[in-house]
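This is the structure, below, for whatever I ask next.
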Amino acid sequence: MSYNTFGRVFRFTTWGESHGPALGVVVDGCPPGLPLDEAAIQPWLDRRRPGTSRFTTQRQEPDAVRILSGVFEGRTTGTPISLLIENVDQRSKDYSEVALAYRPGHADYAYDAKYGFRDYRGGGRSSARETAARVAAGAVARAVIGEVRVRAYLVELGGDAIDRAAFDDAAIDTNPFFCPDPAAAARWERLVDDARKAGSSLGAVVECVATGVPAGWGAPLYAKLDSELAAGLMSINAVKGVEIGDGFQAARLSGETNADPMRPGTDGRPVFEANHAGGIAGGIATGQPVVVRAALKPTSSILTPVPTVDRTGAAAEIRTKGRHDPCVGIRAAPVVEAMVALVLADQKLLHRAQMG
Amino acid sequence: MSYNTFGRVFRFTTWGESHGPALGVVVDGCPPGLPLDEAAIQPWLDRRRPGTSRFTTQRQEPDAVRILSGVFEGRTTGTPISLLIENVDQRSKDYSEVALAYRPGHADYAYDAKYGFRDYRGGGRSSARETAARVAAGAVARAVIGEVRVRAYLVELGGDAIDRAAFDDAAIDTNPFFCPDPAAAARWERLVDDARKAGSSLGAVVECVATGVPAGWGAPLYAKLDSELAAGLMSINAVKGVEIGDGFQAARLSGETNADPMRPGTDGRPVFEANHAGGIAGGIATGQPVVVRAALKPTSSILTPVPTVDRTGAAAEIRTKGRHDPCVGIRAAPVVEAMVALVLADQKLLHRAQMG
Amino acid sequence: MSYNTFGRVFRFTTWGESHGPALGVVVDGCPPGLPLDEAAIQPWLDRRRPGTSRFTTQRQEPDAVRILSGVFEGRTTGTPISLLIENVDQRSKDYSEVALAYRPGHADYAYDAKYGFRDYRGGGRSSARETAARVAAGAVARAVIGEVRVRAYLVELGGDAIDRAAFDDAAIDTNPFFCPDPAAAARWERLVDDARKAGSSLGAVVECVATGVPAGWGAPLYAKLDSELAAGLMSINAVKGVEIGDGFQAARLSGETNADPMRPGTDGRPVFEANHAGGIAGGIATGQPVVVRAALKPTSSILTPVPTVDRTGAAAEIRTKGRHDPCVGIRAAPVVEAMVALVLADQKLLHRAQMG
Amino acid sequence: MSYNTFGRVFRFTTWGESHGPALGVVVDGCPPGLPLDEAAIQPWLDRRRPGTSRFTTQRQEPDAVRILSGVFEGRTTGTPISLLIENVDQRSKDYSEVALAYRPGHADYAYDAKYGFRDYRGGGRSSARETAARVAAGAVARAVIGEVRVRAYLVELGGDAIDRAAFDDAAIDTNPFFCPDPAAAARWERLVDDARKAGSSLGAVVECVATGVPAGWGAPLYAKLDSELAAGLMSINAVKGVEIGDGFQAARLSGETNADPMRPGTDGRPVFEANHAGGIAGGIATGQPVVVRAALKPTSSILTPVPTVDRTGAAAEIRTKGRHDPCVGIRAAPVVEAMVALVLADQKLLHRAQMG
């Protein structure tokens, strides 16, 4: 089934293919009266935009967003906000081979198995280009959750992790990798260059921290904050793992080590002495920073030939030409940020629906 | 917001607190004509039932399920199936301390922050006892997906992993840990005994494999099979991480290593030469086994005192008495199985809604 | 598809068959801290209860409700509220004939056409007995919308309408017809007696007025207040028509007659000089009384023989024995009230989700 | 709350304001492989298009639809279908008065009460112009339910009803009123002319019949076919009443008169000897024609001055200038058709989800 809507009260619906005329998103349920114009959305799209460094695909897409509805005199009206981004730089001829044979790691075979045929141009609907629409929607979500700061960055690329001791928030925007550790960023240049030259690709781990989330946001049991975040992140192309707080490492701790002790705070609220939980207990925010991580597999589009089959079932070999990110994890950072913002906006509205 | 329904067309709604009179689940959207009676559900509950070995809580709950609706003359009617499990062995007096102070790692503080007060007896709604209802619903889901075998087991306990080379499916049901590696199971006895004696607790990693899932099940983009599985697993108490296929390890592989090459199969369908993807591409099943993992933190209820605050905001220290699992990860295996079955049943019906 | 959940954020899920062991409802999304116990729910069920006068079915059901979850120390906790009503007075043997032949006007044939078989005892899931669960849920909804008074009554029975000039709110609870016009109530006694004696049945029109609904509740476009009310009322057994305000009569008015002129009020809000609109414009409450009407067909279970077919497709004739309401519209009044309360509770929470 | 999505598995989301740059709809969940292009959608829009006769608004909108996604090589792909219609003929200056004072019968006051401000140009989101998007979506729905014929027409205009004995299906498309009775159509010309000249407006009743709906489509209890139809129709601008089959008239019949007797048919399925039920029993289609009616109030935009208040709360009087339909019920016929098709497409997919 095609399900292109995410969220419960703050909802968005994306549409569009990689090589169609345009892609877009309809954001519904947004509170009225929030300042919004294209200039408030565009910078977030620009962060995700391809072609800004040699470490990303060279497809040139301005990704200029247009607001088609839901905003009047510079403010949201409370009615659906339609955002449209035109596709400009398509080279569909690059995909003649893809039309015939299935690229391993891509959705080609799965889409054919499901739908019987597919829009093969650039992956069609399964292209990561769809994430532009989420980033646009995420900009609206940010307007809803003004009390929260959402910040994503890479903590690992090609298996090379940052040094947590060297974490510098300011560094994140000064290198092409959204990397908070300048030394790691320097190493990663070489890693990505080497992978690209070798016709290979690399994976990455993106971490995202949301500070300012009030204790109480969340929704037991099947819209738990962590459950919604997991769903949101796992829906991003190439994500294969999601962690909250210590994640898999928590499974290796003892109960007393994993505990986040509390002591009285000066404002009547408890102070936590640790944050193994990643700011969520029982599916509800504790007031600590919400910490999530997503693991992204290496780009499946590689120049190295891989054995496969074609649509007739015959053996084939495929090299994925075209213009691809050597590491999709890099441009995923703004997408992860957007998804976290979108989940939080929905949870904020859900919380006040029930709590007034 | 309280959201106690999961699923899109095959849906279930759970209710009930740890120390209320009963708990239960309403399963809606089930196809008619499927054989179903209590005897088909009870064995799954028995696998999850507490008090069956010294490695789980000593609370004695028969967890006897009653079917109250939706079944006529031994077959499902297509109308909602109401399942009820009575709570029998409650010792609410164990919780007088919990009523006052917040147990770190538990939802106590978060629930109070959200709702202003809470049913503190045994964790109330946030108790893992709720998972009994999911296991009951999971038994119905299994009837819907007769073509699929869902099997969960522990691959790691307290940081001690199984030897994959020693994997023995038959062993899973012959030890109290759902452990497929007999040697590891033997080691884990000691680990859990030691933790319990020390007033500590342990985490675990549960893996679940679904074989027989037809290529094509799945729902791009925001009901992707992996996204739904992530949401379902992350909604289980104590889960802090979810992986599909190679998960986080995929982020450390090169593109060519991570590829799952295909070659022609004898039945016209491709044969995959690897399964790094865990049976899902683009959110849609590829026909390979679907492989997921969930990381469970150590039980938060420990006898070791932990600093905390009480409801007045004053400093306190808490030791969680009562009867608790030293490792909640153990009994999570049947719960993970149930959630995977529930997601797959929903996706099966969604698939045929769109595809006929 | 079986869809037994209604509502968007304040949601309820009903289950149970006419002749199963019990029926019930799970109410989810209720705000916490509201006073609630069985004594607050039971009176509403008692109003709908069968067997209280000679004008309703003689089936004797105490309809005693039990709260199984979601309430702690007399207040709602914000988690799902499970309500259970046992079926007591079942005479399934009355239904041996129904098992074989289709009762015209009933769902017998439609259920068989859909599901292939059905629980034929008392209509199974399609029985109006399900509405007891709605009434119980409606009592919870009332606790959510303390600012609103919801009041339903019959304005027509068997084609005999009340005299609007004789409308007496106090009379509604003093006759067995929820009739606000004592003279009409007296006439209706005779009408219903005659119908019952003739083995016939009668229809009715129920009107419901909700006062105190604040201007602003409602949800354009596809959860418009009137749209949700129409869905809710049309889902009640035997309802064949729904009107808002002047309803069909509005189609016969000129634009200037149908207009509800406004003039300044003393509290800054406009005063409306008419209420043709029934308190709703553009799907949003205007602050005027919300007025809806539902038309209920005559009870389909009649003693008069009707030609039909049996399950083998052969011609048959059926007289529906058993104990039936000669006019289902009578007991529908409390059900309509409950549905209106349930819709309004949902809309109240939706409104504050978006508006804060 | 803003809820601009309708449907459960076959879903559509509309967006856009009367005087924004464009409006549109995203259709999600459509089966793949269906032939679809702009030429298949445009004729349905043309039927609803304004300015085609002197009996509708003179606003000139080509309502040319563009498909932006979800179709590849002339067939649906199973992914979201984005349809866009540009607004061309806007005269926002007509609305300077509306910005200040509330038009009775319109959503002006209700929107302000809810959102605090509104896009007042042409009614903004509450404009009937939104229904163009539904009609476009309805064209997609028709492709899904090829077995069904959906046909709407006016049975009453300004209180003047058609003669059922003169019903001529072929006449519907030969007059500007979608009127199946040529004599009535002739009378209505005069009625509408007179109303327009008088600065007044008229209401109408639209009937819609869907033939070919298989027995079994439908979804007890809260997605009953009649309940979904009622919700869909009541969400259309100006609709104040909805009936299924005999509707309100059924409340005036005796049980035996209202019964739809069955006799054996030649194909093993029963033949019904009447259709008081309008083709639906227990929320499920019986295989008979599905018959619904919607009552539309007279256009609220009239030249006759009506007392009102302005945004400051002061008394005012308003004449609604601009270009308006003297009877919105006329152009509602294609909209009703579209909504019925959309509901049926959803129910078809829901049915096969559960039944296979």
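By letter and in written order, the chains are A, B, C and D; residue numbering begins at 1 in each of them.
By definition in this document, a contact is a pair of C-beta atoms (placed from the backbone, for glycine too) under 8 Å apart; a residue touches a chain by one contact, two chains touch by 3 or more.
Since this is a predicted model, take the numbers as computed values, not measurements.
S.K.: Determine, using the mean of C-alpha atoms as each chain's centre, which chain is farthest from chain D.
M.R.: If we average the C-alpha coordinates per chain, B ends up farthest from chain D.
S.K.: By the contact definition above, name the pair with the higher C-beta contact count: A-C or A-D.
M.R.: Between A-C and A-D, the larger count of C-beta pairs in contact belongs to A-D.
S.K.: Could you grab the centroid distance between chain C and chain D? Build each centroid from C-alpha atoms only and quote it in angstrom.
M.R.: Between these chains, centre-to-centre, one finds 26 Å.
S.K.: What's the distance between the Cα centroids of chain A and chain C, rounded to whole Å?
M.R.: Computed value for the inter-centroid distance: 46 Å.
S.K.: Measuring centre to centre with CA averages, how many angstrom lie between chain A and chain D?
M.R.: 39
S.K.: Taking each residue of chain B in turn, which ones touch at least two of the other chains?
M.R.: Residue numbers touching two or more other chains: 1-5, 8-9, 14, 29-30, 32, 78-79, 114-115, 125, 220, 350, 353-355.
S.K.: Considering the complex alone, what residue numbers of chain A touch chain B?
M.R.: 1-6, 8, 14, 102, 104-111, 113-115, 125-126, 130, 156, 158-159, 195, 200-205, 214-224, 226-235, 237, 239-248, 250-256, 258-265, 268-270, 273, 276-278, 280-287, 295-302, 304, 306-309, 313-315, 329, 347, 350-351, 353-355
S.K.: If you look only at chain B, which of its residues touch chain D in the complex?
M.R.: Chain B residues touching chain D: 8-9, 29-32, 78-79, 220, 349-350, 352-356.
S.K.: Which residues of chain B touch chain C in the complex?
M.R.: It is residues 1-5, 9, 11, 13-17, 20-24, 26, 28-30, 32-33, 66, 68-70, 72, 75, 77-82, 114-119, 124-125 of chain B that touch chain C.
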